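Following are the structures in question.
Heads up, the next two complexes both have chain A, just with different partners, chain B and then chain C.
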Partner chain A sequence: MYGWGGYILKAYLTDAKVIKDPLSLEFARAFLGGRGFNSKIIYDGFDPSVTDPFSPKNIVAISPGSLCGNTLSASRICVSVARSPVTRVFGDGNLGSYFGGELKWAGYDSIVFYGKAKDLVYLRIEDDRVELRDARHLKGKMVSETDAILKEELGDPDARVIAIGPAGENQVASAIPLELHRAAGACGTGGVLGSKNVKAIVVRGTRGSKIARPNDLKEAFKKVHKKLLSGPHYPMFSTYGSASLLDLFNESGMLPTYNWQDREVEGVEKVYSTELKEKYGLKMVACLGCAVHCEHYYVVKEGPYATKGAGAEYEVTCGFGPRAGGVKLDAILYINTLLNDLGLDVVQVSNWINTMRHWWQDGLIDESDTDGLVFEWGDYDSTIEAIRRLAYRKGKFGNSLAGNIFTFARSIADKKKIPVEKLTRYLIQIKGMTQSSGDNRLMGIGAALSHGTSTRGSDHLRGVNTDIWLQQEKAEDIWGIPREVAQRFLDLGLSDMNRYEGKEEYVAFMEDYCAVTDSLGICKRHTAWEGMGLGLEEMAEYLNAVTGMNYTWKDLRKCGTRIYNVERAMQARYGLRRKDDFPPVRFFEEPVPSGPLKGAILDRKKFDKLLSAYYRHRGWNEEGIPLEETLKDLGLEDISRDLKKRKIIQTKKAGTR
Partner chain B sequence: MKIIYVDPQKCTGCKVCEIVCSLFHENEINPTKSRIYVTSWEHDGIDIPIVCQQCEDPPCEEVCPTHAIFRDVQTGAMLINEAACIGCRMCINACPFGAPTVRSDTGEVIKCDLCEGEPKCVEFCEPKALQYIPASKAAILKKRTAAEKYEELMKKVLAPAG
Partner chain C sequence: MGKVRVKYLNVYSGLAGKKEEFVSFDDRITLKELLDRIMGSRKFRDSVLDQEGKLKPHVWILVNRERVADLARELGDGDTVVFSLPIVGG
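For the complex of A and B:
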């Protein structure tokens, strides 16, 4: 078998046993790797009647994309859980890093954790040697400490470590695992690992990857690499990272400030990426095999916020900057390192804290609800203290928030005898997952729909990030999308960002596309998702050279459709329906108040109609559940049988109620 | 004669060099069989690629008991005559950089051969942490890089007031 490592590791924690299961080629071909593997493994292995995310019956699957360790531009690993403490349904997080390649070089395509270890353990993998080891000495250690200790113990600085921090150990809902400063953000997979007493995984692989058609791969390297470097956004991302989006969004009136209430914040230039690079950036760093190197390695040399670390993405500079009504860059970098070390998700935590500021502003909470902490806009020291209390579940407030922002909202609602919706409507969230720093009113209707229908809750990474990439006159100017598809989008008039009609085709295409990139391990920043040139055709070229197979881009897309339907069926099994596919309520009710895009708002009627069109296009029913023939066409008869048995499936034709 | 000039300040730690080196030499992807190696201290943001410098006076050649190491007159690269190599690894011991590598599978010693004058690691190194330039120019480049740090300062000092 070329390309894939050939084995799935199944760690049965309760019995302290790890089994190596040979990977079936048929399974590999259909689900590719990474997210595709995880979603199917979890669908098949989990009993949805288990509702507690921290039950030993929950499952965690960690899989590198199938191109990890095989090609350039592929370093991403998917971490998935059957029940997320953030969304209470299936969820996952992706991290680009070095771990994925190393795991493949050791010969493995997936690690699945079942049960619960008696005490804190870590999984150690050195080629054929795989064992669960005592991790009690790592209890309470930060992610960076854990990384250093395990490399020292293994006696190999080139070993790769994924670890949870104190927040994961304390089962905080927004906890995540990281490889040092590269985070598997979203969906709180860290707390689930913590509930299973898994502190870390350390891997060293020296077997490498055998390549089916090495000469084809050499050619593909030359061609695709060149295309990547000539991409229109390459200079911006490789020089200033995603932090540059803040500058760009501010100048185009798209920057959310004060928890999406406004477009402006005084002194915003202080958190520009140019400022970051000049004042604190030491150099740019990259994930394995990546020429985009979009992360800053930063150092704040002195003062109360002295720190060092890497990343500093737009999500942190905006989430703890303009969205928090503040512009103190050194404090933001301090927070970034702190969150990474504690093992907390930047997007969830920033949203939770900024929503509290918003409640505070409107007089819905005060010091009596927060153990004396103040939640003013632009304040940093209380934020840092709140983050610590959250990670360690300190006090009544810290413990309540650690349960989830909804748990906290409920406790406040009960206390004040107000309906909980009065509080939760402030949250920019879908399916329980709070949103990254885009705005569904401004990034195009495709992006709004895509955030809504995302299989893991509000998400810019699950499909369309922004419709802006289609704003072209000629199909050849739309990067990363097969020419005929791009032409069809233009023919449908989709270059108009604010058009509703026809956007279902674009969204479905990009959702499948992202399912493919997440399963191959290709970074989205190299693809059409970011208006860049590593498209499905190039991915197929890579995959064929590596595995010796003959995928066309259409075959790849079908794999994406299959994976998306597995996830959709899984969420249907948990009870998610049409009502869960709508963008945040505020985007339908509050027009953008200022700036060049003043007045922008979503139209509920039009959105509802678009949603129906999308379901029809997908071959799902009016509640968004895949139809029997849709599943059969994708070779998912087993899932169709399961949904039927549970009386969830419909056999009627698409578009009927 | 050209050499692979390394500028660690530009290295992003991506290891593209290791990936392409093993692919173009071994037809597989395996950093443990790469002729170039990136030493990383990720906690401190430091990455230093280590690769044979094709020394003027190579200790590897001198120490080799079977005279298996010789200079390619075309490229100036120090090459290993595999038939003569007995795998004693003395070349690695003698090299101040530890630049030659022991293959993880066969135990054979391998080293950078400059890809017959077109080093693939350099071709794919986008940040230009690796450059293939004449040895004499490398020294100048090093001086320039060092001088750049003072450039800004000097500009400020020399700038007319106001």
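For the complex of A and C:
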């Protein structure tokens, strides 16, 4: 078998046993790797009647993309859980890494954790040698400490480590695993690892990759590399990182501030990427094999927020900057390092804390609800203290918030005898997952639909992040999308950001596209998603050179469709339906209050109609559940049978309820 | 006599060698005329305009926070012109 490592590791923690299952070529061809592998493994292995995310019956799957470790900028691993403590349904997180390549070089395409270890353990992988080891000495250690201790203990500074921090051990809902500063953000997979007593995974692989057509790979690499470096956004990301997006969002009037209440915050230029680079940036750093090197190494040399670390993406500078009503860049960098070390997700935590500020502003909470903490806009010291209390479940407040922002909201609602919806409507969330720093009223209707239909909750990474990229006169200027597809989008008039009609085609295409990139392990920063040039054609060329297969871009898209339908069926099995595909209520009720786009708002009636068109285009029924013939066409007869057995599936034509 | 503020965001600050500047004009000035005055280096010009002198498809020029593609657009005293790339990703 070329390209793939050839084995899946199954760690049965309760029995302290790890087995190696050969990877089926048929399975690999259909689901590619990474996210595709995880989704199907979890669908097949999990009993959806288990509702507790911290039950030993939950499953964690960790899979590198199928192209990881093969020179291309493909380094991403997907970490998935059957039940997320954030959303209570299927969830995952992707991280760029060195770990993914190393795992492939050791010969593995996936690690799946079942059960619960008796005490804290770590999984050690060194080619054929795979064992669960005692990790009690790592209890309470930060992510960076864990990384350093394990490398030293093993005498291998080049080993790669994914670890959880104290937040994961304490089963905080928003806890995540990281490879140092590289985070598997979003769905709280760290707390689930913590509940299983898995502190870390250490891998060393010396076998390298088995390439089917090395010369083809060399040629494909040259072509892709050239295209990547000539991309219009390459200089921006490689010099200023994604923090540069804050500059763009603000100058175009799209920056969300004060928990999406406004567009302005005083002194916003203090958190521009140029400030980050000039005042605190040391150099840019890359994931394995990546030409874009979009992360900052930073240092704050002195003062109360002295720190050093890496990353500092737009989500942290905006989430703890303008969205928090503040502009203290040194404090934001301190928070970034702290979150990474404690093993907490930037997007969820920033949203939870900013929503509390919003409640505070409107008099819905006070010191009696927060163990004395004050939640004023732009107050960084209270934010830092709140993060510590959250990670360690300290006090009544910290413990309640650690359960999830909804748990906390319910406790406040009960105490004050108010409907919980009065509080939860402040949250910018879909399916329980809070949103990154875009605004569904402004980023285009395609982006609004895509956030809604995302299979893991409100998400800019699952499909369309903005319709802006379609604003071109010529199809050739829409980078990374097959020319014929781009031309169709233009013919349909989809370059109009505010147009509802036809956006279902764009969204479905991008959702499939993202499922492919997440399964191949390709960073979205190289693709059409980020306005860069790595398209499905190049991905197919690359995958064929590595595996010896003969995928066309249409074959790859079909794999993406298949993966998306597995996830959709899985969420249907948990009970998610049409009502769960709508953007946050505030985007339908509160117009943008200022700036050049003042007055922008989503139209519920038009959105509802678009949702129906999207379901029809997807071959799903009016509740958003895949139809039997759709699943059959994708070779998912087993899922079709399962949904029928559970009386979820219907054979009625799309468009019927 | 008028004055416009020109802001160069991230990559453009590298190309222009400054983060911002103020440009004065006597009677009237169009966006095209402004570009001719401020784009000193060949590299900067090539990154913004194509061979026919048209705005490249992946360049955003914002006038008072609104995207403007028409280089004949006349600017007024106190306007802010921003050089940016389109918003993408996250």
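Quick notes on this structure:
Throughout what follows, the second predicted complex is superposed on the first by the 656 of 657 C-alpha atoms of A that agree within 3 Å, B and C clash if a C-alpha of one lies under 4 Å from a C-alpha of the other, contacts with A are read in each partner's own complex, and residues count from 1 in each chain.
Here is the rule we use: contacts are C-beta pairs under 8 Å (C-beta built on N, C-alpha and C of every residue); 3 or more make two chains touch, one makes a residue touch a chain.
Predicted, not measured: the structure shown is a model, and the values here were computed from it.
By the touch criterion stated above, A:Asn404 is placed in contact with neither chain B nor chain C. When the two complexes are overlaid on their common chain A, residue A:His293 makes contact with chain B while staying clear of chain C. In the superposition on chain A, A:Asn440 makes contact with neither chain B nor chain C.
In the superposed model, A:Glu251 lies in contact with chain C only, and not with chain B.
By the touch criterion defined above, A:Thr146 reaches neither chain B nor chain C. Residue contacts after overlaying the shared chain place A:His233 against chain C, while chain B stays out of touching range.
Of the two partner chains placed by the overlay, only chain B lies in contact with A:Trp105; chain C stays clear of it. Touching of chain A by both chain B and chain C, each in its own complex, is seen for no residue at all. By the touch criterion given at the top, residues 9-10, 12-16, 19-20, 22-24, 27-33, 40, 42-45, 47, 104, 124, 126-127 of chain B touch chain A in their complex. Those residues of chain C that touch chain A in the shared complex are 7, 9-11, 13-14, 19, 56-58, 60, 62, 64-67, 82, 84-90.
Contact residues on chain A toward chain C in their complex (touch as defined above): 232-233, 235-236, 239-240, 242, 244-245, 247-249, 251-254, 272-274, 314-315, 436-438, 443, 460-461, 465-466, 468-469, 471-474, 477, 524-525, 529-531, 595-596.
Residues of chain A touching chain B in their complex: 69-70, 72, 98, 105, 144, 147-148, 157, 180, 206-211, 214, 217-218, 221, 225, 229, 238, 282-291, 293, 297, 299, 308, 310.
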